[in-house]
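Worksheet: the structure to be examined is printed underneath.
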Amino acid sequence: MSDINTGMVEKYRNNFLKEVEANVEEGDWVKMCMQCGVCSGSCPMGPYWDHPPQELFMMIRAGKRDEVLTSTSMWMCTSCYNCIVRCPRELPITHIMHGLAHYATRLGIEPKGQPTRQFAQLFWDNLAKNGRVNELWLGVNLYFMNGLVEGIKVAMGMAGIGFGMLKAGRLSLKELVGGHTVKDKKGFKAMIKKAQELEAARIDNAQ
Amino acid sequence: MSDIVATNQTILVVGGGISGMTAALEAAEVGKQVIVIEKTPSVGGRVTRLYKYFPKLCFPTCGLEINQRRMAANKNITVLTMAEVTDLQGEAGNYTATVKVSPRYVNANCTACGACGDVVAAEFDDEFNYNMSKHKGAYLPHNMAMPKRYVLDPGIIGTDDAQKAKDACKYDAIDLDMQEETIQLKAGAVIWATGWRPYDANKIQPYGYDRIDNVITSVEFERLMDPFGPTGGKLVRPSDGKEAKNVAFIQCAGSRDINYLKHCSRICCMASLKQSTYVSEKYGDDADVSIYYIDIRAIDRFDNFYQKVQQDKNVTFIKSKVANIVENKANGNPVLNGVDTEGYHRYQNEHDLVVLAIGMEPSVDKDTFPIELKVNDEGFIEFDEVNGGVFAAGCSSDALDVNRAVQSATASALRAIQVVNKVAQAEGQ
Amino acid sequence: MAKEYSFYPGCSSQEAASSSNYLKSVQSMCDVLDIKLNVIPDWNCCSASIGYCGGGELPRLALSARNIALSEQHNAGQDIVATCAACWLATKETQERLDHDAGLMAETNEALAEAGLKLKNETKIRHMVEVLIEDIGYEEMGKHVKKPLDGIKIAGYVGCQTNRPFGIEGESFENPKYLDKFIETMGAEPVEKYDKKVSCCGGALAFSEPEKSQALIKDIIEAAYDGGADMIVTPCPVCQMNVEVYQDKINAKYGTKFHIPVTYYSTLMSVAYGKNGKESGLNGQIIKAEKLEAIAGK
Amino acid sequence: MSGMANEMKIGAYICNGCGIGDRLDSAQLESTAKRDGKAAICQQHDFLCSEAGVNMIQHDIDNEGVNRVVIAACSRRAKTDAFNFQNVALVRTNLREGVIWVRPDTDDQQETTQEMADDYIRMGCAEAKYAKPPAPSGEQSVNKNILIAGGGVSGMKAALEASRAGYPCTIVEKTGALGGATAQLYKKIPTKAPYADPEDTGVAEMIAAVEADSNITVYLNSTLTNTAGAPGRFAADITTESGSTETKDFGAIVQASGFSPYDASKLPEFAYGKNKDVVTQMELEALAKAANGGPIKRPSDGKEVSSVLFIQCAGQRSKKEGHLEHCSGYCCSASIKQAMYFKDQNADIETTVLFTDLRTPGAGGENFYRSGQNKGVSFRKGIASEVVDGANPTVKFKDLILDEDMSEEVDLVVLATGMVPNAGQPTRAQLTDQDNEDMASEKAGEEVEIRIDVESILNLDYRQGKDVPHMDNGFADSHFICFPYETQRTGIYTAGPVRRPMDSQQAMEDAVGAAMKAIGAAENSGLGRAQHPRVGDLSFPTFRKEGCTQCKRCTVECPFGAINEDEKGYPIYNESRCRRCGTCMGACPVRVISFENYSIDTVGQQLKAVDMPDEFSEKPRILVLACENDAYPALDMAAQNKLEYSAFTRIIPVRCLGSVSLSWITDSLNSGFDGIILMGCPSGDDYQCHFVKGSGTAQERMGKVGDTLQSLSLEQERVQTYEISITDIHKVPKIINDMVDTIEQIGMSPFKF
């Protein structure tokens, strides 16, 4: 357990709901759930969730902190927004799922090998580097995220698609070096840094 | 119409459903002059379209018979059908209502002998049956219609049918020249009893009411049970007339949902519990009913009825707001997707027929009342001083079951009487 | 006079990126409809809906805020228009969130100040299809058709993010009809009751959870074939890519024989407006849209 | 006029409209009316319900001394506004719905159809001959004073509203203060938009308003020790704690006796009584009142409560011995409100509501639920199994969502126990078997005092019991959905939680309606008019004393407890308590009870007037006695839809099947009827009889018909009783036709003379 995680446990003791309300994106909506389950039933990845959203909300209220934060469930979110538009209480469920995932990551207790977690981090790192996404590097990093051997296997499997894209002019090897970028990279990075600092300060940083 | 006597001591009842009838009767039976304004061609309102009442499973027309007899016997009550209040001015003890009366094309001579109906041909959507069937161009709204007088559909005016109907009538009861009339009525107090309407099921898009034939509403389901209804009392589904034995009821269809109606409509749980017995009534042990719910709101002694239905092994309760419905194109069955939240069980259930326990919304849109009233977000009239001598009765005041609506209407009658008694006192009568 | 908009193309529409063909066809379409797109100078990625892991809330808001601020600075008075569903959604969500949360708005501006920018947050954020429906109109769109797409049956696959949570004004989340109307307006035939019209293709999870996503994609394609479709059309780059590029993989796994082209609405319009295959981005198809090519080639 | 009314003069008027004239030989009908019916005047008209037709009749009433009017036209349910004559006995002979609409228009059917019509003319005239125009007895006059039993918010509201309409009210309150249960609350559930926060109870203002109203008299520390009389002339003994009694007269009564909280000591599993920190909702109100906006302290050690758990449905919605079967309706909202007592004072206090179905209906309810969630009240769907005693109580429960057994240790547990109505004593008929056994063993055959632990509320001087009969779960309610205030005691209306579980706001609204009903009863009974369902009926029962055997059947069987007995055991009818159903008439073995226009003769002479073909004519006769409220309308509607039934049928509507005298059955069998069908309303728990038990009583009585049939050596199938609802439109013709088939099989009655 990371220090920040221990700090949070310390700070909120038995009240995980309060911790979520204070630290998770849109977390103060959790209490408004009335357990109808329409979100759980609406999710395209539903069958793969150990705990669907409405159950996660109940678990939060029941103080099941570890089970929630280490869950792979919210990483299954495809951001299809079915749950949001159908929720009779207008809970921003998609955002709460993202928020829980992010919070778990912040605490360092997220499920490490979860592929979407890895991809999501890659995506952020990729865009944060130049301000724009470099699709080629994103793909390369993705395929090799589980190590070289695994990566080659995956890459071979995806080669057909890659060639297709190349042929159709929708992927360029030029992106390997340089590639698209914002011009004001310095300003961009400073902005991101500032935003991260502000958020860290606001979200109760126990460190 | 000019012969209607209305004064500052008259009580105007807007709406002739069970609430309006009750309020009118209670006031008239203690000697008050009452005028009832009813939009449709007959009084009785929504309850006339119900097969049974919960929790007794008795028949609404039974009480209607009594109330209609009371009304017919009471000379203090004047009923204007096909009439609507378009404007209301004034204050407690002194109101003037503008009432638009649409032509019925049939006058009081009508004996309901039915000769006109026999000779006309064209048919029109029958709103009484939620447009699931047709009525003829000359028709009696339903078996117990009061006034027991035929109506000509405006659609036949100017056609041969109209003339045929007129020629068939031996009693000079058909007047094709009848025109819309606007009249003004004085009143000391007004009882607003315009009731409710089912929420527009088309708006609940995930349930595909507009796309899937075998998804219907609870009010439509009631009509299927009526031997004189669109299916002749057969419990069959719309797409292919197949017997509907495996029936799903979806609670909170429109209710308790900020996207649609944010209030709980109160009646729907009980209505579905009641309707589950219809399936058993028709198919006995072949009945297979599923009720998808958030909370079963069988409040107070209605819970006894809930407990009784729970004992029925052919009825299953699933705590779940159904996520969406798709159609199995091979057999027309609606397929329900969702999660039973009691322990997380994902389901994909196919049924013969799906009944949406449709929510209740006030008949009058929030911003269209003819006079300023305290209306809450949900569109119901709250009891408030600013309403002056206008008193809400029944479902215009909240989502209520029949029993509570009648209770509310009885209360409204007293409030109206207080106003007109004060007028009488001031006028020294 | 041309209608001018502040254009946010997004990462996937960049040169040689996965939906560069989308941009191509949009340009051709706009050319015909006299729409002028002024690119937001130095725009950045919106972080889509997958940046949350590393990004957190405020940094992600700052990304879209920067784009809006740049637009307000350089393309003042013009509505921002995005062609990518994710770009539109992220930007619109940011706008709404900041509108409702003064604290976040202040923090966002604090971050933006580091890049020398300030957000007023008064610009309308729109998707290209909104511009077409609301500013151009179906009638006008139809007037420019030179080569009606006769004899092509098309499944209008709306997908998620152009549809939810905001969607297009006047359309339902479960059964939006605008894409079908586009198809009709261009002279083609839409698939009626296309069941998977608004189903999810897996979005970004197509990368991380390929098998699970491909199962979703399979259903989308299958329903299109069931409806008799010759091709699929979509307003979203992620949808387009996911539905088009994995067909071989799906065939290998499920024994299906999928080979159905997936294009953008703008591709249809460009072709119907008489532009050639290249101008319409048809060369960007991995699965060739032969029927469109035939019309474009005429 | 009044002098002439005694000389009976029948005017029969035959309508030829609506096809009657085309289908029937009206000249023959006219001669039947004159010859067999002894009609002094008989006229035909082509459109009898027209102004001209009505004027023709009125002319005869005004100028020819006609005081018995027979309208031979459509059903008695049609054109009632046209055929509405004052000071005459009116008889409707149904030639349209009763004859031509149920018979095919074919030549071969003409003869039997005409016979049907002729018989109905005879029957109508026979009825007219024995019917008198009803007039009130003058037994009471209008008394506008309303007695209100109970000074809680329901009682006060009833008084304030009735007073505002000009009706003086008297509140009799058992305790030393007004306000009842609501006065014990810290705050109440919100009653206005946005329904977000608890509201002040408003009790103090209400009491002030009552005290300021010169039209309202309040008796505190007082009870009703005897309530005699009837609507319009109730005489109530109001006795104070000190024992002084005052008798006052009232027109009608509102009973607002409220509820008692369920006895939580019946819930040992929740450690109530064992652990001081397990309290009921009512007890929490006291704690909240004591805290008065400050921190709520728990009973055991005065510690400020930092966590509280509410157990919903404690001892409710359960068939377990000692539990309440019903849901009390208000407890979900009450727990939300009480959780807010904590949250509004300190948002950090943990508040959990453990429920199975959260019940907050209507616009206000759902808003309040959301507001509770918004304030951080935690709601969990689960079932509590046990509260473990300890320094802090621990609640063991199954979380139904997480499907897991759990436990929570909290500072305070609140049990949402329900409402037990203060409905007074059950009636004699409602005593348990054990009670009855005890009484029977005491002194067989003699009247014994009903001894029950429960105190009576009204102490009615009624033969059948001291209080309003109880319905489901002991509430003194109506059984009718359309008529929620109709108790089984005329002129007495219950309001508030004694009637149905409800919160204070609903109770007050309920009280306004009850006050309206009481005013109606006071006004109408004063004029001799009946209450629901035969509203306005002026007829009332009288009996021939010389024939009465003091058998008391009428007093026992009256569904409304209307009839008392004098010291010699003769019935006292109490006109204004009577609903005019005629159950007493049906009960009377010696046929001495009658109404002016409804009697043994008005029906008995009709069935005797039927022209009985001989045994060999192949023309059987089927008598149908049909309840006028449901079966008769069903028959009418069958006719309206042109559903045919046998021409051998002769139908007589009755006020209630309970009014059917066995003598009618015997007489009709003796006069040669081949089959008899009785059509009444469904009885049993969900009875539909508007007179509560008329149809049920009738069925019991008909059990004895078997003996009669046996003694006459007739087949049992000849008399059949059916429960008919108004919707049985297709069923009624079938029942009739089936009877004709049965007769065909078993043969004609031998009793034709």
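As written, the chain order gives the labels A, B, C and D, with residue 1 at the start of each chain.
As a convention for this text, a residue touches a chain if its C-beta (ideal position, glycine included) is under 8 Å from a C-beta of that chain, and two chains touch if they have at least 3 such contacts.
This is a predicted model, so every value here is computed, not measured.
Student: Once the contact rule is applied, which chains count as partners of both chain A and chain D?
Tutor: Correct list: B.
Student: Go through the assembly and pull out the chains touching chain A as well as chain C.
Tutor: Looking at chain C and chain A together, the chains touching each of them are B.
Student: Centre of all protein Cα atoms: which chain's centre is nearest to it?
Tutor: B
Student: With respect to inter-chain C-beta contacts, which pair, B-C or B-D, contains the greater number?
Tutor: Here the pair linked by more C-beta pairs in contact is B-D.
Student: What chain lies farthest away from chain A once each centre is taken as the mean of the Cα atoms?
Tutor: D
Student: In whole angstrom, what separates the CA-based centres of chain B and chain C?
Tutor: Their C-alpha centroids are separated by 46 Å.
Student: Hey, how far is the Cα centre of chain B from the one of chain D, in Å?
Tutor: 24
Student: Express in whole angstrom the distance between the two chain centres, defined as the mean CA positions of chain C and chain D.
Tutor: 66
Student: Quick one: report the Å distance separating chain A from chain B, using the average Cα coordinate of each chain.
Tutor: For chain A versus chain B, the centre distance works out to 50 Å.
Student: Would you pick out the residues of chain C that each touch at least 2 other chains?
Tutor: Expected reply: 173.
Student: Any chance you could list the residues of chain D touching two or more other chains?
Tutor: Where chain D meets two or more other chains at a single residue, that happens at 358, 381, 401-402.
Student: At least two partner chains per residue is the criterion; list those residues in chain B.
Tutor: Counting only residues that touch two or more other chains, chain B contributes 206, 256, 319, 324, 341, 344.
Student: If you go through all the chains, which pairs of them touch?
Tutor: All chain pairs meeting the touch criterion are A-B, A-C, A-D, B-C, B-D.
Student: In the complex formed with chain B, which residues of chain C make contact?
Tutor: Per the touch definition, chain C meets chain B at residues 172-175, 193, 195.
Student: Spell out the part of chain A that touches chain C in their complex, as residue ranges.
Tutor: 25, 44-45, 48, 76, 78-82, 84-86, 94, 98-99, 101-102, 105-106, 110, 115-121, 123-125, 127-128, 131-133, 135, 139, 142, 160-161, 164-165, 167-172, 174-175, 180, 182-184, 187-188, 190-196, 198-199, 202
Student: In the complex, go through chain B and note every residue touching chain C.
Tutor: 205-206, 208, 210-211, 324, 326
Student: Could you pull out which chain C residues touch chain A in their complex?
Tutor: Touching chain A: residues 11-12, 14-21, 42-45, 47-59, 61-63, 66, 107-108, 110-117, 160-161, 164-165, 167, 173, 199-200, 202-205, 207-209, 212-213, 216, 245-246, 248-249, 283-286 of chain C.
Student: Chain A touches which residues of chain D in the complex?
Tutor: Residue positions touching the partner: 350, 358, 369-370, 373-374, 376, 378-381, 399, 401-402, 406.
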